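Here you go, one structure.
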Amino acid sequence: MVDVGLVVANLVYGLLIGIIYGIATVGLNMIFGVLKIVNVGHGAFIMVGAYVTLLLFTLAGVTPPLTIVASMAVGIGLGLLFYYLVIKYLVDAPELATLLATFAIGVLLQEIVKAFMGADSRGFTWNLGNIEIAGVSVALSKVIAAILSIALLGFLYLVIYRTKLGLAIRAVVQDKEGAMVVGVDVDRIYAISFALGIMVTVASGSILAMYLQSGIHPYMGEIYTLKGFVIAVMAGLGSIPGAFIAGILFGLFENLSYVALQSIEGIQPLVLTRSIAFLLLLIILLVKPSGLFQR
Amino acid sequence: MAELLRVEGVVKRFGGITALDGVSLSIEQGELMAIIGPNGSGKTTLFNVINGVLKPDAGKIVFEGRDITGLPPYKRVALGIARTFQIPKPWPNLTVRENVAIGALFGSMQGRIGAREALEIADEILEIVGLSGKAEVEAGKLTVPEKKVLELARAIAMRPKLLMLDEVVAGMSPKDADRIVDVVKKIRDEYNISVVSLVEHVMRVVTKFAERVVVMHQGRVIREGPPEEVLRDPLVQRVYLGGAL
Amino acid sequence: MPGVDPWVLREALRRSAPTLVFYLVLLALYLAMPQYSQFIAMILFYAILGQAFNIFMGMTGYVDFGYVAFLASGAYAFSLAAIALSEAGVTGWIFIPVGLAFAAIVAATLASIVGAIALRLRGAYFAIATIGVNEGLRYFVEGANLLGGSIGLYIVKNLKALVGKEGYQLAATLLADLLMFLLAAVTVLVTGIILSSRLGYALQAIREDEDAARALGINVTKYKVTAFIISGMLGGMLGALNWALKGGVVEPAHVFMIHYTVEAIVIVMLGGAGTLLGPVFGAMTYIGLNYVSNVYIAPILESMGIKATGLHLIILAPILLAIIIAAPNGIVGLLKERIKNPRIRSFIT
Amino acid sequence: MAGKNLYLGVGILIIIILLAGVFMMQGGEEQATQTGETTPAAGQTQEQTQAQETQQEAKTETQTEAQAGGEVETLVIGAPLSLSGKYAKEGEMSLMGALAAVKWINDNGGITVNGKKYMLEFKYYDDESNPDRVTSIVERLITQDGVKFLLAPYSSGLTAKAAPVAERYGALMLSHGGASDKIFQQGYDYLVQILTPASRYFTSVLDMVKAIDPQAKTVAIVYKENEFSRTVAEGAKAYAEKLGFEVVYFQSYPADAQDLTPVLQPLKDLQPDVIIGGGHFADGQLLARQINELGIKAKLVGILVAPALPDFYKNLGEAAEGIVYPSQWEPGVTFSPETTPQGYEWYGPTVEEFIKYFKEVAKERGKGDIMPSYHAADAAAAILFLAKAIEQANSLNPDDVRQAMNDLALFTFYGKLKIDPETGLQIGHDMIVGQWQNGKKVIVWPKEAAQAEPLYPKP
């Protein structure tokens, strides 16, 4: 018998962590959509965002929601830096080169942060007490993190669908040559899209730090790269709104499959859920490789 | 002459657009045929359907009396269907000799010859098409006309029964074009291959090369027959000048 | 392999000769300088990893991010064989050939299943699908308490039961390394045969332009899966030798580490994808740089007062980026461009 | 394209600098006739490059000082340490602990073996927490740095890779961290354990609960699914059932889990008396935080490893209040020569001395003013146990030293040290129980080492 309270609780938490997964994957999908590059260093940028929030909060007492502005700036900076230093040369290079280059960038970020911050795992306490959602007591900070994710998505949506820059980006996504012929400076659009993608990713790191408030260490990002890939493919590589919705579905899936596995004896349900998530990835790739939300 | 290929009522739609609207035609053994028609008339789509790269929405394709509509490209190649691409698709980092050898290895003699014979066949054919000087050059480094010749050499190396050429002389100087047409004729005579060439506007090739001409317009065959007769038909001329039917 | 015709064998030997020479030099160094034997053994492990990985990725350009799962399956298979034999009271060296054969079969089976599924995809989708395979298998073993769960399999006791304490001592060091040299030679020859036969031409055509290859009569799926199985099988045997026989412990957190797959990509990329010498040059450079910076540079930095550890990764990452951008065809590619003299060029395969 | 050549130039330049650095240092080593003994703390060594290596004869057992009055000799102890990768945190602490012990021994006259005095030197390389780096490092330490005695690398996986190489050259290895019991059941002759085995981590915590609250009945175990934590969890489950507890929940979470709510949610209804588990730093903190956040009330919450770190409280604040943790050693222990138990012999620095030496080493390595964690104490205890065993055996031959260890029973700043002659497992050393009480770490069990009464039930 599955106890209803457990299911509802997992639904609520699944939704909250799902929204965070969503915003954390939007950047990955945007970079692939525009530049056709899979950013294997994705998790490292999330880690950077987490450290921005950790440091600003612990050293300067800046309230976490405000630190997102700082991490967005850091994201744009890092995005432009790595675009003009590395990605610019690899836009038309084979998959192998771009996958490896972004991996090297991830390693570089992780080791630099470790050199300055040390390897130990840190956290902070930003306690606003709990609130009730559908009978489930949830930390207010987690709810705020989810709301900020939706706000960040809204901001990105405005940039992409309501500005001239957004129009140029979408043109490049549809057909690079077509955009070029119309006079779009594709290289500049690549730089801006990469920077925007990294901006959202680093900002989602801050939101994640707000949500978890612990376990911040140089290698924390690796699991988000893996989960990001699953969600990005689920959504359909390149689709931005799709990534957000797929993130929520993934969050719910992870928690609910855990509840389903509870009743089986002799296994570790939460660990097996992780395995099923990757199985889900394979099934989606086979049934609909272009993903759930891609045409 | 025995019938080699028959296309019956083939329809192919891409979303709203109907590229092929019930096309039917047949090719005899060893026949030289040209398919002409303005851009967008469905010529290349027909090639891709015969070659198996595209699956038709309706209709049938029969090769040597056998229905091959559902067969994947590599099975059709084994039966003896070979093609060239409108925009040449060489393997850039492999040498010219290797490009042609791969054609031989995976052509109609698939599984019956090893790499050594394939390389020897490649040398022979490069001799015929006059590319043997560039045998060891990486295909990517050839000029566009040379790449087109390489495409032809690669297709010939596949020992096909039906050779489909897509705009093989487009963009070539008249002298080169004539040389290619002579090579194709010699190949046809030597190996009794039937050749279908798609031609958009180089009418010289049609008159010099083709024994039969098929005219396509908006996905349908509108005229068929010997070159002189077809080219003089006012209907065909209006089609080319862009008039509606 | 259908009766490999003599011309292909001769051609394969011609192509693999230079690489085999390198392995002989490594073997000579290994025997001559026992105090460096494990350092050479590490280069050997990474060279074979690159060589086996190169058979699929080097030749088709497909990036299999879950490649280490084949090494893991080989290590697990070898361990299960050793445990079964020792519990059945068998003794003697028979467990090595049986274990290796079982490792090869299990790895090949895994490769054919994964190949049949993932190889219907291309590019980034394939890369991501294969990550799913690796992570999915690892957490399945841990979550469902299979093969010892997260603790894994310990077979040192079993190996000692099979061949005694001294026997195990010999097996875990000298014998394991010598068998790896043999595996290296086998991997090079297999690569040479592939490059000189129909399979090799098909794979390179697929790498250069898969659509053209498909349209020109190459049964793309069949050849991709074939290369995938050969590459996986050799990977399985490598995992069996280096982790099960030599390590004695097969733990999921270690044998499914994606880091190994990335190192394999680095080595093939550094050396030159699709070439024979590439993986050897790649392994020597990668491990050489790593060892030099770890054993020599780190102490220098420390004596200069810089105490931050793990600095060599900060050095390694930029070098990797420089190589990806400046020398996409790797060392062998560079050599081919720079060396004009035909006699030497023929040596660089 | 300009960019490409620029990169090529930079790449080659870096490689040239690397090689130049190596040769420049190589040159430096020849002229400098190093006088006096090498300063052990700085861990400076004679570097050799591959090219030079072939002519140089294999290192003699000890480096004899060729210079003036060479009666003081150096005995090199080596270690593959994880200074990067996932065990970097534990690796750094072990390094400083080992260097502190070496410094203390050398300041107290080193060790004397058949009449000759030896100063200790600690030689280490970074194994990057990667089993494949370990074999070449262990071999280099043994064959080129003349090492006969080693600290084992961290974790079972790495130890298993190092053991065959050490056994082949007959070098003795002391395991000071992260290795689970199974390693010691594989019949190695030259592997000895210093710290309490993983399976017995929670024994003292469970004894404590039994003693102060006999009615406590239900136990829930939530642990990190990795080799070390699972061994601890399975050991704790067996011991709890032996003591008459009922283990009502036994579940794990993936190694890099970032959100434990699913696995903790059921505990709200189960309301167990005791919750124990955890794994390493990151997940330990997450576990403590989310138990508090979900409002799960238990009489006792015991978590592995994470609470032993000073910034556990800094990160978690009041969520850390009352959390209990098993520890190999805590700065607050009250072991001293006076309290040496029957059949044991005191050796090594007092607790205060060890902390002083540790702080000196930490400051020197730019780590600021930090307290030693139990990983530092584990490594220091290994060095002390080894040094005493060498003196006891009065020989530098590893076989004799291993033999001497069988009947060695030391009492040190770290507590009792005694090994089982058969398997090398540590049977003397007991876990102590620490607890966070209003912002401070205090020892609450066993009674003889306790600084305060346990805060029970948890606020």
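Labels for the chains are A, B, C and D, by order of writing; each one numbers its residues from 1.
Just so it is clear, a residue touches a chain if its C-beta (ideal position, glycine included) is under 8 Å from a C-beta of that chain, and two chains touch if they have at least 3 such contacts.
The structure displayed is predicted, hence computed values, not measured ones.
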Chains contacting each of chain B and chain D, listed by label: C
Maximum centroid distance from chain D, chain identifier (CA atoms): B
Comparison of B-C and A-D by number of C-beta pairs in contact, larger one: A-D
Distance from the mean Cα position of chain C to that of chain B, given in whole angstrom: 43
Cα-centroid distance, chain A relative to chain D, in whole angstrom: 36
For chain A paired with chain B, centre-to-centre distance based on mean C-alpha positions, whole Å: 49
Between chain D and chain C, distance of the C-alpha-averaged centres to the nearest whole Å: 33
Residue list for chain D, restricted to those that touch at least two other chains: 3-4, 7, 84, 88, 92, 225, 252, 254
Residues of chain C touching at least two other chains: 139, 142-143, 149, 310, 313, 318, 321, 325
Per-residue multi-chain contacts in chain A, two or more chains: 89, 111, 114, 268-271, 273-274
Chain pairs in mutual contact under the definition given at the outset: A-C, A-D, B-C, C-D
Residues of chain A touching chain D in the complex: 3, 5-6, 9-10, 13, 17, 88-89, 111, 114, 118-125, 127, 130, 137, 139, 208, 212-215, 217, 219-220, 222-223, 254-255, 258-259, 262, 268-271, 273-274
Contacting residues of chain C [partner chain A, same complex]: 57, 61, 63, 65, 117-118, 120-121, 123-125, 127-129, 131-133, 135-140, 142-145, 149, 262, 265-266, 269, 273, 308, 310-311, 313-314, 316-318, 320-321, 324-325, 328
For the chain D and chain C complex, residues of the former touching the latter: 3-5, 7-8, 10-11, 14-15, 18-19, 21-22, 25, 42-45, 47, 49-50, 53-54, 58, 83-85, 88, 91-92, 125-126, 128, 130-133, 135-140, 143-144, 156-157, 160-161, 163-165, 167-168, 180, 182-183, 185-189, 225-227, 230-231, 252, 254-255, 365-367
Residue numbers on chain D that touch chain A, as the complex places them: 1, 3-4, 7, 84, 86, 88-89, 92, 225, 251-254, 256-263, 265-266, 269, 281-283, 285-286, 289, 293-295, 306, 309, 311, 315-317, 319
For the chain B and chain C complex, residues of the former touching the latter: 51, 53, 72-74, 76-78, 82-83, 85, 89-94, 98, 101-103, 105-107, 110, 114-116, 118, 154, 158
